[in-house]
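Alright, structures below, take your time with them.
Presented sequentially are two complexes of chain A, the first with chain B as partner and the second with chain C.
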Partner chain A sequence: MPSVLGLFQSADTAADAADRLQASGFGPTDYEVLTGAPYPEGAFGEDSGDHRLFIFPLGGAMIGFAVGLMVTAGTQISYPLITAGKPILGIPPMFIIMYEGTMLGALIFTIMGVIFESRLPNLSNDLYDSRITEGYVGLVVRCDDDAQADTAQSTLTEAGAEEVKHQGRS
Partner chain B sequence: MLILLLLFVGGVVGFSIRLGAGLEDRGPWGYYAAVFGFLFTVGQAAPIVAFVPRLARARWHGPLVRAAQVVAVAGLLNVLLFIPLLWLVPSSAVRTTIWFDWPWGAPHFYDTIFVLMLVVNGFAFLWVQALPDLAALRVQSGGTHRLARLLSGSFIGTPKQWKVHRIGLAVLGGCYVMNFIFVQSIISLDYVMTLVPGWKSSMFPAFYSINGLLAATATTIVVMALIRRFYGLQRYITVDQFWNVAKIMLALNLAWAYHWWSDFLTTWYGRVPRETIVTIDMRSFGENTWLFVTAFFCCFLLPLLILMWNPWRKSVAGPTIVAALSLFGIFIQRIIDYVPTYLVTQDPLDHELHEAIAVPWPGLPDILIIVGGLAGAILLVTWAIKALGPLSNWEMQEGVILRRHERFLKTEVPYVIKPQ
Partner chain C sequence: MHERPRLTPIQINRDLMRSVLETPLVFYVLLLILMGLVGLGVVAATLLVTYGLGVTGLNHPVFWGFFIINFVFWVGISHAGTMISAILRLTAAEWRRPVVRAAEVMTVFSLLTAALFVVLHTGRPWRTLYWAFPYDFVRGIWPDVRSPLVWDPSAIFTYLTGSILFVYAALIPDLALARDKTTGWRRSLYGVLCLGWRGNARQWKLLNATGLLLSALILPVFVSVHSIVSWDFGMSLVPGWHVHIFAPYFVVGAVLSGVAAVIALMAVMRSLFRLHDYIRPEHFDMIGRLLIVVALAWAYFYFIDVVFALLSKEEAEYEVMKLRLSPPYLYLFLLMITCNVFLPVPIWMFRRFRRNIGIMLITSLVVNIGMWLERFLIIVPTLQRRHPDAFAWGDYSASLVEISLVIFSFANVGLLLLLFSKIFPVIPIWEEKEGHIWKREFRIGKLRLPAIVRE
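Now for the complex of A and B:
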């Protein structure tokens, strides 16, 4: 699948180019904005996509809590030795382990969530330019065929792209 | 770096001397435990300063983020320093602890997990924060920088990646604050308070944690001042950062005094001998008066007298001096916390402490351990700053993107965009 990358020196020009792409028939999901620093969501009229990162710490916390509860309550119930008339299930020491189990689960799953949701081990060789890390804004357009790639290239050039790169064209 | 390395090696020598005498007698290890307590407070606390302003959507924190977060790498040393304490401190079966009659592994097994978790949390928080900068390093080096390539994966800065990054920072930062307070409280209970017979104070864990929060601001200011000076970053790290953190630090200096006072006053008014012998005779005005007075001056009185003046507060020198004083005061406080506690030879199950213990002067191995421990932590932080850079570039760029100057009536004012 061909893709085209337009490099813009200013964010204003890049936002304008995104408008032009939409006017040329590309939808918000057909292009992606690449920046070296975070811009407010939707600043380029792009679709930033959905994520499920919140599920990871929540799920991790629930698993951690369950493990903490199992370790504390399970062991006490399995070996019910009453000491000095105190209850088998003592809440204060149980709370410490359940709390930390919850936090540990949330922590581990959040790290996994960041890796998974950011697709950090992405093996596809996407178009990129090192100038993006210096403040340039990149617009990557994913096209269905060469004709669409030509349209994207001309649109980006007309919009003021300093350089247009492409990949995967026949 | 070489000097720091040599001092650290000296610390290892000091540790070896102590180890040669064995782990059966806890007494000589008091200063070692105090170094652990201090570094665990200082090293693990600073990342909080990177999180809280972001949570409050303050926009002045960008230049200080790296200075605050990079201190988390000292956690590696903290984990190593913690290991001997597992042999020095008895299990909860022979003393009254919050673990009551917990059947197995209390407190050592669980406390080890807690300490490891806080350190891993600190590293994870640092990694996610530095991810865009590592990605930039990977790209700029053409993929030859191995560490950057390994740690940044394929981060290229898509809107979704930025969104996930922002939320990841919020979740990990939130976890960190919750973990920090909890772990500090548990350590203060299991490795300090419950070793002294008759010492029962609900204020001490809170006081110990307040020391940690004060250390967070103080460490950040000191690291920031050093980075600013040695990297020549006066244009980027401005008085704004010092001024804003100094305000929080002053509040924590006052909170330090308030927590000490609450503990002291209750004991003083109650006049129960088993309480006064610890809280007053051993920890305040008794055997260790001069140490306590030093901590009181450094953590409360001098900071108040310096930072109450606006010109001092709104400067680079004022907050830096106060931060250095506060760190020294916290170190003295940790000596008061740990050294006499480890010299207690009575059965922890006794009803009360028979005699308040004075802090002895440190011996040569203790001095080597103190200097070496501090040098080791500074070495790790210095290495991490060299590897990651003194500033968080993406946060600096974000600051520039979101800052505008507009005319307001007859003057021009800066304003900052705060996206929802």
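Now for the complex of A and C:
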């Protein structure tokens, strides 16, 4: 599938190019905006899609809690040695380790969630330019065929792209 | 922030990648010095492992000495890093940007160093695994989860893992930048570490959400860790330790020493990596204000601890506190209270001193001397009077091995920080650029005032 990358020196010209792309028939999900720093959401009219990141820490917390319960109860039941007259399954000390397990699970799953939802690791060889990390804004347009790629290329050029690159054209 | 100069993304990249791409002579000098001190620690640790705890000054009844003092000290230092970062992220404080990464990384290296001292303290490091890991290896005995000494590893492991993930998540975009700016094996390394980050809108949106989520999750862990460390003491029936305020008192003390350490780190980074446009006097001013509150809160808790021990008329408690407040410990007590409150707080009250980086560096170091002494005074005199009968009282003086390992701990954290700065940017570059995106100027009458749109 062909794709076209336009590089813009300023965010304003990139936003203008995004408007032109939409006027040329491209939808907000047909192009991707690449920047070296986060811009306010919707600054380029793009659709970044919904995510379910907030479910991950909840799932992780439940797993962590279960592991914590298993470790605390399991180890004490396996070797039921009464020390200082304390109960084998004392809730306060078990709670401390279950709490740490819950938080650990939530933390680990949050990172797993952001990696999964960000579609990382990204092993594809998609269009990219290292100038994006120098402040340029990149607009990557994914096209169905060469004719659409031509339209995207001309739109980006007319909008003031400093350079236009393409990939996957026949 | 308001004093932030207008910089282009290219300038920001150049300034903040300098430590990674260039290696000045001072780097090698520092590296050699720190490696020498770490080597000294390795020799001391080898002696300890070879000959056992007999090479330390530990003896009945003082079985906790420099190693545990250092453990508590470094866990304390580790606290401010993630706390500062998490609180400032959650409150969207604009001045957080140049501070957060160094603070988070200091948390990781301090915790690693702290954990090392517990292992060294056992005298048989290879057996620590049997005692703490929740698995029955060979003996048919499981660790007793009812003991605070088992809570410690679980809390520290959670905090360490969370802190490493916290650092890594915020590092990914900068790793992508490093990939774009380097060649050869370094490019490949950064390419792998950044997981193919492209910087699209979805990735930025998720990264920001992750920063908030991790901040919210790690703050309760941060409170729990030093509370649990305090319960190593508080849960025992030792007079002077069995005190109900120990958990908040330890947490506040940890924040005081940790925030002071962040100031010292910022001052060194600013000078070493020429980061004057990024770490500015206004940052020291802000943290200085925070320190006044924390130092006074610590003083309040310490006062309560002393007053309760003296006025409760409980003989054992009274005896311990009397020892702490009598020569020679009285001199250490006076030095500690001077270092932690009487000297720095009046200085920090003045704006011009808070904005003087040299003064802030010195006062932050002074606070950490005081906080190390505080841990000494909690542990050593208390154990000396642990038993009610005078014939069971004892003394403690640290051996050269213990002193060498304390020096090693400081060198170790310094060395790890130095090596980190050579591999990764010490200030989050993308966050700094984000600050510039949000920065605007507006006019009121004849004035043109800088502002941050989100504030």
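Worth pointing out:
The rule is simple: the second predicted complex is superposed on the first by the 153 of 170 C-alpha atoms of A that agree within 3 Å, B and C clash if a C-alpha of one lies under 4 Å from a C-alpha of the other, contacts with A are read in each partner's own complex, and residues count from 1 in each chain.
By definition in this document, a contact is a pair of C-beta atoms (placed from the backbone, for glycine too) under 8 Å apart; a residue touches a chain by one contact, two chains touch by 3 or more.
This one's a predicted model, so the numbers in the text were calculated from it and none came from an experiment.
With the two structures aligned on chain A, chain B clashes with chain C. In the superposition on chain A, contact is made by A:His51 with both chain B and chain C. In the superposition on chain A, contact of A:Gly25 is made with neither chain B nor chain C.
Touched by chain B in one complex and by chain C in the other are residues 11, 32-39, 41, 46, 48-49, 51, 53-54, 57, 75-76, 79, 81, 83, 86, 90, 93, 96-97, 99-100, 103-104, 106-107, 110-111, 113-115, 117-123, 126, 128, 130, 132-133, 135 of chain A.
Taken together, the chain A residues at the contact with chain B in this complex read 11, 32-41, 46-49, 51, 53-54, 57, 75-76, 79, 81, 83-84, 86, 90, 92-93, 96-97, 99-100, 103-104, 106-107, 110-111, 113-115, 117-123, 126, 128, 130, 132-133, 135. On the side of chain B, the complex with chain A involves touching residues 98-104, 106, 110, 113-114, 117, 120-121, 124, 128, 132, 135-136, 139-140, 152-168, 171-172, 175, 178-179, 182, 186, 393-395, 397-398, 401-402, 417, 419.
The touching residues of chain C, when paired with chain A in their complex, are 8-10, 13, 134, 136, 140-147, 150-151, 154-155, 157-158, 161-162, 165, 168-169, 173, 176-177, 180-181, 195-210, 213-214, 217-218, 220-221, 224, 228, 430-431, 433-434, 436-437.
Interface of chain A with chain C (complex): residues 11, 32-39, 41, 44, 46, 48-49, 51, 53-54, 57, 71-72, 75-76, 78-79, 81, 83, 86, 90, 93-94, 96-97, 99-101, 103-104, 106-108, 110-111, 113-115, 117-124, 126, 128, 130, 132-135.
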